[in-house]
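Lettered A, B, C, D, E and F in written order, each chain numbered from 1.
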Amino acid sequence: MIIRIDRLQTAMPPPSDPDPIGASAVQELLGGKFGEMSTFMNYTYQSFNFRNRQGARPFYDLLASIAAEEFGHIELVSTAINTMLTGAADGAPGESGSLGDVKGTRNTQQFLAGGGSALVQDSMGKPWNGDYVNATGDLIEDLTFNFFLETGARNNKLKIYEMVDHPAARALTGYLLVRGGVHQVAYARAIELLTGAELMKMFPSPRIPTEKIPECQPHLQRGEHLKLYRFSPSDYQEIAAVFKGPHPETGEELHVAEELHPEGAPPFDLPEQPAVFAPGPEPEEIAEIATKLREAAGLPREPTGVVANDGAGVIGKVKDALS
Amino acid sequence: MIIRIDRLQTAMPPPSDPDPIGASAVQELLGGKFGEMSTFMNYTYQSFNFRNRQGARPFYDLLASIAAEEFGHIELVSTAINTMLTGAADGAPGESGSLGDVKGTRNTQQFLAGGGSALVQDSMGKPWNGDYVNATGDLIEDLTFNFFLETGARNNKLKIYEMVDHPAARALTGYLLVRGGVHQVAYARAIELLTGAELMKMFPSPRIPTEKIPECQPHLQRGEHLKLYRFSPSDYQEIAAVFKGPHPETGEELHVAEELHPEGAPPFDLPEQPAVFAPGPEPEEIAEIATKLREAAGLPREPTGVVANDGAGVIGKVKDALS
Amino acid sequence: MIIRIDRLQTAMPPPSDPDPIGASAVQELLGGKFGEMSTFMNYTYQSFNFRNRQGARPFYDLLASIAAEEFGHIELVSTAINTMLTGAADGAPGESGSLGDVKGTRNTQQFLAGGGSALVQDSMGKPWNGDYVNATGDLIEDLTFNFFLETGARNNKLKIYEMVDHPAARALTGYLLVRGGVHQVAYARAIELLTGAELMKMFPSPRIPTEKIPECQPHLQRGEHLKLYRFSPSDYQEIAAVFKGPHPETGEELHVAEELHPEGAPPFDLPEQPAVFAPGPEPEEIAEIATKLREAAGLPREPTGVVANDGAGVIGKVKDALS
Amino acid sequence: MIIRIDRLQTAMPPPSDPDPIGASAVQELLGGKFGEMSTFMNYTYQSFNFRNRQGARPFYDLLASIAAEEFGHIELVSTAINTMLTGAADGAPGESGSLGDVKGTRNTQQFLAGGGSALVQDSMGKPWNGDYVNATGDLIEDLTFNFFLETGARNNKLKIYEMVDHPAARALTGYLLVRGGVHQVAYARAIELLTGAELMKMFPSPRIPTEKIPECQPHLQRGEHLKLYRFSPSDYQEIAAVFKGPHPETGEELHVAEELHPEGAPPFDLPEQPAVFAPGPEPEEIAEIATKLREAAGLPREPTGVVANDGAGVIGKVKDALS
Amino acid sequence: MIIRIDRLQTAMPPPSDPDPIGASAVQELLGGKFGEMSTFMNYTYQSFNFRNRQGARPFYDLLASIAAEEFGHIELVSTAINTMLTGAADGAPGESGSLGDVKGTRNTQQFLAGGGSALVQDSMGKPWNGDYVNATGDLIEDLTFNFFLETGARNNKLKIYEMVDHPAARALTGYLLVRGGVHQVAYARAIELLTGAELMKMFPSPRIPTEKIPECQPHLQRGEHLKLYRFSPSDYQEIAAVFKGPHPETGEELHVAEELHPEGAPPFDLPEQPAVFAPGPEPEEIAEIATKLREAAGLPREPTGVVANDGAGVIGKVKDALS
Amino acid sequence: MIIRIDRLQTAMPPPSDPDPIGASAVQELLGGKFGEMSTFMNYTYQSFNFRNRQGARPFYDLLASIAAEEFGHIELVSTAINTMLTGAADGAPGESGSLGDVKGTRNTQQFLAGGGSALVQDSMGKPWNGDYVNATGDLIEDLTFNFFLETGARNNKLKIYEMVDHPAARALTGYLLVRGGVHQVAYARAIELLTGAELMKMFPSPRIPTEKIPECQPHLQRGEHLKLYRFSPSDYQEIAAVFKGPHPETGEELHVAEELHPEGAPPFDLPEQPAVFAPGPEPEEIAEIATKLREAAGLPREPTGVVANDGAGVIGKVKDALS
């Protein structure tokens, strides 16, 4: 069971110039074979299906808590894509040509099936599917796969970093490279403890030092490459039995974070896009109903949610910036 | 971002007689078009992709919090499947014939790709895929779909209830029918508030009264059909603006739960199944390493995790019961 | 554009002993690579996409009219499957165990996704898909494919005939072998006329004489193997320019039928199956509403549709026979 | 069983400037999840699989007759795509570079797998598949889905209208929005009659008035938004029991058409495209053979088919216009 | 480019009692994610796509030569499946019921799409697909995947060994476990040489000693677990630079074989199965034509091919044994 | 079992200007329904699954030897794609923007999943799958399909020739059209011998004379259109019984080649592409290790492999030419 907190694991930039072609490519990090849907779902099902979890508790805890972090990663990739698509479909709803600018984009379904938004697909528009999950139940085999999966994921993050220079994509990959790196290390360490094979010697893989990426620097400086969060108030305490020892790239000591989870940041309230009916061709109508419902329920007049661009004025400014 | 709690949303029975054919059918509730992967992922991505969430906050909160509950549902369906498969592949690892009993089961991959465990597939072995997600961004359209999705999900839960009489399947469907019913009502209510269309008159759909199912009774008696949980310590407060009014089947008042989430219950620690290498052909070896690691990390000698069958003795009893 | 006539192209038997395993196999003739969805959709799209149709009118007419006949074939295969499934899911809706008899059937989705009914899938539960259509626009290539497609279809009909001995399956394959044979001949003839290659020498393919199948006899005796219907009141007259000459197996003269289409027969009104909610868990409720609506609209009190088992009494008898 | 009439349900414009990128997008209306293949096949299989059709005749008739109309819709979308692709692949067959202009188009298979023609795919090149069909047998559930399906279809038609301004795409969406709207209304009405839920209040959905689209106007003026055709000489008479009452957008009275089907218009005979071998690299050769075959069969010297551009001269003009 | 030798890499048993359910399961080793199609195609494409192969020649040679061996593995798995299916579809072609015995088998397409023969599918009937190939071009990453792939393949071979006790399945898995083990070792060794990570400590993985499997013993005794073949008359000589050092399970020295390839054995000529039209409903007719063609071409009267059951008499005996 | 020779079946040009959009299209010839994966795998499995191969030896030999040639074809198409992609992703690894040039290419996975290299996909990025294989076991039916498959393959080669004018694509299609033509003839001839149907009259199909393509001329002049290779030192001798008679386009005599296989040519060693990590972000590191390993193994200091651009200097020149 989970509890949800309406914050992103790291701050993401507000919408700027839209980049729908770039957003098509970033889909690889969401619904690709090595995307965050794969990491999230692999570790989640490996934890669900774990047998004799008491007997192997440190490893169960490792899978279960990393799985929880990965939810935040599908959220971040979606945020990046949605940010990059904001403003791409500017125009009036129901008018011929109002989506003409994206007729030739690579992923048309981001606009036809979505509202200028992320899909559960890869960079070629192929949907993520459940057979990307390897949950064999054999602990060593699953960890071997996880190490490979994180290696493939790191490859893809690096390449998307090279391919797409939109600020949202750069912020995204800078963060994910650091946190994905922690998971890659964690699985290597687990295998090492179970078999004696020194996988730490394989880092970095691919062979690009993480510190070389400027967008990784802020996260490295905060030590985000060294700590594993439990993502639970009272569970998963035994990750401490696995996640320790020197970091393979820097030699610093790995450790379990004292906080439950990263502090993170509130998301931007992405502005409406009426041409793609998000949240409808006439968003004001919905907003009016919402206000009335809020009042009827005795809730504050202003929305209670916390967003990065708090205050109606800020939202307006984002919209101005886009027009 | 999420926090994970290592409890199930409702208590599930321990392993009893295995039922691999039944477990193949129950997959429909996990990876089928109308399975819990679909409900979880639809609402999750609808919340990620929501535009102008401040302007439509009550509806955003509704989607976001129900999404959180659905994670618990994929966990429950997986638990049911894993429970039903426990004991089906009894025998020694590496011996010819030790999996002979399941050669003719309907989903052989539960044993070949899994360790006698759930897969992200439907009852025909087809993987769940991301194009089952409809997140158009158009709020009314997405709610219309969600209402239909919950209707289809209710259909499938009822039919699995009719088809599979294993205790785990019955406990599962009894609970899911009640909680899924809450979501079906919630979406109907949201549409009603946005458009005036009285969808409440369509209940129950399919036309089988929930109270007719004996396994639903305990949950109905606890009022689980009337309340929506926020699943968040401080967010999603505006669900109260939508989820209210009379329940369409009973006339009782709908309301937001005071607790963050259902109290639930600890999961059973499902016993090892060496013939399918879960958690390995030699589970003792892993357990020994785990114990040493725990000690080296200054953790308690006994596993810290809480499971329904706490104490090594109980696990043994479950294993005895299976042999 | 089409007009629809509520009759089957040939009479089909009423429900008898159900055969769900057999019905799983018959799906190959519906949604398989060589099933009737493939023949229907291939010729339909080849006709839609035909370029310079005036210049090649006899061949356009051939494709367009055979396409029309194929709609009747997907209808017949569906009818056979539905007939074979009738009675398989007997029991009360909403009761544990009422679908227990089909827990182990090969295609569980016929009951979970359908109401004891046909799916757009093959015998392994894989959905038919649009890439089974070859409409290259190159007339000779498309005809070459069509000849191969009909050969593959004939193979599958013969094998289903060998595999499934339910009366509905036998009636189905007996008819389809004869009519599919006409199409196989028609395409071979068209290639012959365009290129001079004598494909008639390849018959029968597979090498089993059609007359050897007892269930084909009634249709052969009516000359159904010799005539092509236009399936249109005024169009497709130029099929006469292609469909002529001796039949490759019997030497009799091929010709265009004088009737627009086969006389056919009314379908059986297959009885309700409440356990799978078809047409609902409480069919009587629907029937009552229907009666009222009919009255309100000034329609006759009795249903206007023509079915093989006309009169409420007959429907009851079918139901009695099943219980 | 069907009869086929070689006319389109509405007049479509002749080829003009080709728009292959636009034609890639329009595929969404053919093979997408909410495309016309989905509407055609859903209603068709719902009618095939209908149980107790006599008892629920008005609803059976509704599904069966709308299914028949949908065939005309896949024909229209294909026509639009084929029209938009005409002239895109101009050049001599077998010459390097003759398809160079479309090397970078979004759907290369329209030229490689097709002859500059429609495929059974969506806008990302994913094939339509049979699991897009929901035919559960539960009448209320199927109608709920159909209402949602038409809503999704309307969304996609509106967005394609916004995205693609080619005359063929505009004519297509103008017509389909009106006729699809009729189906959306019909299903809402049917649910209303069965359950009392007033779905009429949900119109228009998405929230864009149909009358706002200029290309819808001619059809609205002819009252095409108010009538349902039976599409059958003698069957499906009971649709009158369902399709009545006020139109939810205009308040005008819904009614059953007196004509069997729309008058429609003859299709354009789309010119040959030798570079993609349609109908072959040497179309004249085929035309010569066709002429001889016609003569040998005693048919008129001129093709008997009726096309919008009747007379060889007109075809030539279309071809001239493209070069 | 390849040269083909009409021998199997190891001797396989002749047909005995058919086991179609078992043969459905063995498909996992052919078309499953971890089946031999995956090993064959992964290494093949990794070798095709290798950049700077001169600079990394020992590793290129390793991939290229192992790829060549894998062709022999898809041949062996197919042989096992075909052997297990021989006799399952006994009966006369074109007779109702002649395939009745396999109506309920798990993979009906082995008989409907195949002639009682192997398909390019997994144990659930899902086709192998090209996205199972990981050829990233990053040598270390590809080797990491290959090591994982061989681990997954070993898991599946062990489980099929446990699940299916047909002599053909046991002979198959006994051989493949040994030879696949060599590849698993080779990739671990390559990673070790490139990075220093001691993957040899991970053996055996899964944790079942190879020598424990009786069917592996003959191959172990011949030293098949220690040698890598070059599978080329003059190429791939640099595998010697990688494949050396002690075997991780036995400590014996790894080495490059002196022979090009295993001696292997001729295949059995599997008898005709007329009920599934293999090689046709009337095999004698084909045989007669073949004899005439051979004579006309000046070839020997007896077939020139070498098979395990040479001489018409032996084939007859196999057939007798089956009846 | 196969032996592999590290040469291409024909010489291919070195890298020149990259053409990633063109390379996306050429994928159709690799992983498309009618691509070389399909020809390779169809004939391979038809040979594996052949029943009564002694009785039908000339036909078995035909399938088995053509299958062997097709391996060389997937190698050639991959080579062409890799050549066309070389230089497209120039830039430093790990730098933002270094893959910016290919952000908008049609197949982004050639760079994200591959290292600027071929994928097992078609021109729309859909993976090849095993259900493209038709191996029914019915010899005449399989040959009918093979003839159609080669026709579809010829269509696609001609269209790619028209669409993509990169030197590598032209060299590829020029060769494949000639050799694929031999297979098309071979299967037509086989059908003719088995049934008497004169399929030779269908050539050329599509109706473009092979000699019209300039890039085919060198191969025609060497007589490559007239001979079939056995691709085996001692097997497949009976192809001589089938492959004879006049060539349908030229009337020259078909015959079995005296050489085992085409002489072919060494492949180019395609230069490293560090931005896509092929063979790694730091190729020199790998090269150094390789050199040391070679020395340690007593191999020559220079790589033993034979490539078209032998000598480090030439590789450098290729790289210079690209920058």
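Heads up, the rule we're going with is that a contact is a pair of C-beta atoms (placed from the backbone, for glycine too) under 8 Å apart; a residue touches a chain by one contact, two chains touch by 3 or more.
From a predicted model like this one, the values you see are computed outputs, not experimental measurements.
Asker: For chain B and chain C, which third chains touch each of them?
Answerer: Chains that touch both chain B and chain C, as defined above, are D, E.
Asker: What are the mutual neighbours of chain B and chain E in this structure?
Answerer: Shared contacts of chain B and chain E: A, C.
Asker: More C-beta pairs touching across which pair, A-D or A-B?
Answerer: By number of C-beta pairs in contact, A-B is the larger.
Asker: Need the most distant chain from chain E, centre defined as the mean of C-alpha atoms.
Answerer: Centroid comparison gives D as the farthest chain from chain E.
Asker: Through what angle, to the nearest 5 degrees, does chain D rotate to match chain E on its C-alpha atoms?
Answerer: Answer in degrees: 180, to the nearest 5.
Asker: Going by C-alpha centroids, which chain is farthest from chain F? Tell me that one.
Answerer: Of all chains, B has its centre farthest from that of chain F.
Asker: Looking at B-E, C-D or E-F, which pair matches B-C on over half of its contact pairs by residue number?
Answerer: Comparing each option in B-E, C-D or E-F with B-C, the repeat is B-E.
Asker: Chain C to chain E: how many Å between their CA centres?
Answerer: Chain centroid spacing, chain C to chain E, equals 40 Å.
Asker: If you look at chain B, which of its residues touch at least two other chains?
Answerer: Chain B, residues with two or more chain partners: 33, 106, 113, 124-126, 131, 134, 136, 138, 140-141, 155, 206-207, 276-277, 280-281.
Asker: Determine the shape of the graph in which chains are vertices and touching pairs are edges (line, ring, star, complete, other).
Answerer: Contact map by chain: other.
Asker: Every pair of chains that touch: which are they?
Answerer: The complete list of chain pairs in contact reads A-B, A-D, A-E, A-F, B-C, B-D, B-E, C-D, C-E, C-F, D-F, E-F.
Asker: Across the complex, what residues on chain E touch chain A?
Answerer: 33, 126, 131, 134, 136, 138, 140-141, 144-145, 147-148, 151-152, 155, 191, 195-202, 205-207
Asker: Which of the residues in chain C come into contact with chain E in the complex?
Answerer: On the chain C side, the touching residues are 21-22, 24-25, 28, 32-33, 106, 122-126, 155-156, 158-165, 170, 206-208, 212-213.
Asker: Can you name the residues of chain D that touch chain F in the complex?
Answerer: Contacts found on chain D: 91, 93-100, 102-104, 106-109, 111-113, 124-126, 275-277, 280-282, 285.
Asker: Quick check on the complex: what are the chain D residues that touch chain C?
Answerer: Its residues touching chain C are 1-9, 31, 37, 41, 44-45, 48-61, 64-65, 67-68, 71-72, 74-75, 78-79, 82, 113-121, 127-141, 193-194, 231-233, 235-238, 240-242, 244, 260-262, 264, 269-273, 276-281, 283, 286-287, 289-290, 293-294, 296-297, 299, 303-307, 312, 315.
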